[in-house]
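Down below are the structures I want you to see.
Paired with subunit B in one complex and with subunit C in the other, subunit A is shared by the two complexes that follow.
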Partner chain A sequence: MTPAISVAGLSRRYRGQLALDDVSFDLEPGSITGLLGRNGAGKTTLMRVVAGHEFASAGTVTVLGARPVENEQVLRQMVFVREDQTYPDFRVRQVVQAASWFYPNWSHQLAGALLDEFNLPLDRKVRKLSRGMRSAVGNVIGLAARAEVTLFDEPYAGLDPVSRQLFYDRLLADYAEHPRTVLLSTHLIDEAAGLFERVLVIDRGRIVLNTAADNLRGAATSVTGPAIAVAEFTAGRPVWVRRRIASQESAVVAGAMDETDRARAAALHLHLEPLTLQQLVVHVAGTPVGSLEERTSA
Partner chain B sequence: MNTWIKVARYQLADRWVVVTGPWLILALGFLIALAWATSDPPLPGHAAYSGPAAIYIYLIGTGALAIARQLPFALALGVSRRSFYAGTALLAVAVAAVYGLALTVLQLIERATGGWGPNLYFFRVPYLLDGPWYLTFLTSFVGLALMFAWGMWFGIVYRRWNLPGLLAFLAAQALAVTAVLLIIGAYGWSSAGRFFTTLTIGGLTGLLAALAVLLLAGGYATMRRVTV
Partner chain C sequence: MQEMAGLDEGAPLFVQIAERLADEIADGGLVEGEQVPSTNELAAYYRINPATAAKGINMLTDDGLLEKRRGIGMFVAAGARDRLLAERRRRFAERYVEPLVAEASRLGIGADELAAMIRESSYVRGGAL
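== the complex of A and B ==
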């Protein structure tokens, strides 16, 4: 099967600064992928290159089997919702209308329902909207476009929790009926973790983790309890980090826990807790690349 | 082609920049000129308030905004740079044609009413817009399209290189004009003077059309590597 998005050896250099450094990955059609990483890690640049808004310094990007740059056929099937989108001096109604002209699968019904649910004032100028409301406008476009390849860059910056939940629910519901390839970047990782089938972590322009989300569930566990017991339990296991307060210690251990491990931990009065996706990303994206490869192989 | 028309329609959604603004400024200029001419009636054949200049100048801004303000969202909606540029150029040509026609009709009314009463020369400009109606139309059309295209190029330069680019672009144009003047100087001002005095308005319109095509080509070349 042709990957929906295929990136190979992609680099993007700005005046001596490497924004993207030899990035390679494939995304299968019909999947939701989380693109995670710190500020300035290269998430937006990566999406801009995929959308053909920015040019690669080296490497190739193909979307639906073809180069996206100036390729009308591919661009017609791609929507890019970005947090820092500059809108024309349009009213909300005009923005949504204009978007509907360019997408063959546009759903007026879905757009109408979303505008209503997000409480968006149709006659207000987009530039007069709050940050959250502007994000909501982007979400309406991104979802109603029903584009084969949907790129969301921080789609809910400034959005209230109710609206965020609405976005997740609507995305999943519409995705189930109209499967497409979604690449979504966010900092609210745990909140969105349930959406992701795949996770890409980018740090300093490099992909540091690219794996199915299932592989990450239980990929690491935090072990908390008396320092002596923790030391005994973790002996011989790869430990990512240890934190000690008085006689209590907390260690993050790589690898899954089986029944024997759990029983042993219980006997030692240790508390086991699997790391959430967000905690994993903090570990993965917060450390030098070299040590990471040891970890993912561990 | 279909996408081009959609882009033109997208541009037209901003009525103020494309439609309301230029005609409002023209109407204001006209009313002021009319009030002036009424209070102080000019001598026959000696009164020209070159009114339509306002709409030409306004269209530079329209062209610039049509690119600078509308481009990022259009690209987000999967419009290619090529289609966006072609659609905007299509709008420029359509706007120039319709507005040129309107200016021609207004000129005809001006002639028929004896200068709106007080012998006002507003839509008639000696030499430039003073011939038969079809020449007035042609010159207006080409002139308006030229201004729009010029503005578009400004907009693209601004999108690509911001303010420093804009200043460099202006400097380059000033340099080009200076170069042309120097060349004319080298050939002798008298031969240049002969060229311009024998140049008919039809010939001038042809020159302006060539310049408009040049500007559109330059804009497209700048557009191809623009990023948002």
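== the complex of A and C ==
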């Protein structure tokens, strides 16, 4: 199967600054992937190059089997919703109308329902909208386009939790009926964690983790309790980090816990808590690339 | 954390979906021959990726607990409940009885005293046993 997005050896340099450094990955059609990383890690640059808004300094990007730059056939099958999206001096109604002309799979019905649910004023100029409402306009376009390749870059700046939940629910529901390839970057990792089938973590322009989201569940556990018991329990296990106060210790241990482990922890009066995806990404982003494979496969 | 209808971080989501459905079958919430929710319904309810929900369903299909009726959906297979209950009894001994006995012996509680405590607890709970 042709990957929906294929990136090989991609680098992007800005005046000596390497924003993307030898990035390679394939995304299969019909999946939702989370693109995670710190500010300035390269998420937006990567999305911009994939969307054909920017050239690669080295390497190749293909979308639906073809180069995206100035390729109308590809661009009509791809929607890119950016955090800082600006629109010409149009009303909401006109912006949505223009989008409906561009995208061949556009759903008027879905667009109408979403405009209603996000409470967007159709006759107001987009530049007069609040930040959250502008994000909502982007969400409506990104979902109603039903584009084969859908890129969301921090799609909910300024949106309140209720609207974000609405976005997640509508994305899942429409995706279930009309599968497509979604790449979504976010800092609100735990909030969005259930959406992801795959996770890409980018750090300082490099992909440091590319794995099925389910591989990360239970991939690490925090062990808390009396320091002596923690030491006994963690002996012989890979420990990522230890923190200690007085006689209490908290250690993050790689690897899944089984029934025997849990029983042993209970007997030692230790508290076990699996790391959330967000906590895992914090541990994974900003560490040497070589050690990551062992970390996640451990 | 987004509310995912009680799913947690400890295990892969598809495993948790399979466990939830298996529990429902064992508890009689889903009876044999009954249709189980579709992948998309599960995805919407738990707020998870539909592919993840499908993996959970497939786990139960591979175990023969669910069966597919082409063009209609997934149904609870005949004998599914009995098999799940047998498995649960085995796990009950492992998970609860063994640790109970271990802790009792650490505290110097003998078998008769332990049995009396269980009867007492059952009595307090209105004769649950």
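The rule is short, and it goes like this: the second predicted complex is superposed on the first by the 287 of 298 C-alpha atoms of A that agree within 3 Å, B and C clash if a C-alpha of one lies under 4 Å from a C-alpha of the other, contacts with A are read in each partner's own complex, and residues count from 1 in each chain.
As a convention for this text, a residue touches a chain if its C-beta (ideal position, glycine included) is under 8 Å from a C-beta of that chain, and two chains touch if they have at least 3 such contacts.
Computed from a predicted model, the values in this text were never measured in an experiment.
If you put the two complexes together on subunit A, you find that subunit B and subunit C both fit without a clash. Remark: in the superposition on chain A the angle formed at subunit A by the CA centres of subunit B and subunit C amounts to 150 degrees, rounded in steps of 10. Touch criterion met: A:E197 reaches subunit C, while subunit B stays clear of it.
Of the two partner chains, subunit B is the only one that A:T86 touches; subunit C does not reach it.
Once the two complexes are laid over each other on the shared chain, residue contacts for A:H53 go to subunit B alone; subunit C is not touched.
In the overlay built on the shared chain, the residue A:L275 is in contact with subunit C alone; subunit B does not reach it.
In the superposition on chain A, A:Y168 makes contact with subunit C only, while subunit B stays out of contact range.
With the two structures overlaid on their shared chain A, subunit B and subunit C come no closer than 26 Å at the level of C-alpha atoms. Note: no residue of subunit A belongs to the subunit B contact set and to the subunit C contact set alike, using the contact criterion stated above.
Considering their complex, residues 48, 51-55, 70-72, 75-82, 85-90, 94-95, 97-99, 101-103, 141, 147 of subunit A touch subunit B. Contacts from subunit C toward subunit A in the complex involve residues 1-2, 4, 7-14, 39-40, 43-44, 46-52, 55, 94-95, 99, 102. Against subunit A, in their complex, subunit B makes its touches with residues 3, 6, 9-10, 13-14, 16-17, 69-70, 72-73, 75-83, 225, 227-228. The touching residues of subunit A, when paired with subunit C in their complex, are 30-32, 165, 168-169, 172-173, 175-177, 179, 190-197, 213-215, 217-218, 256-257, 259, 263, 266-267, 274-277.
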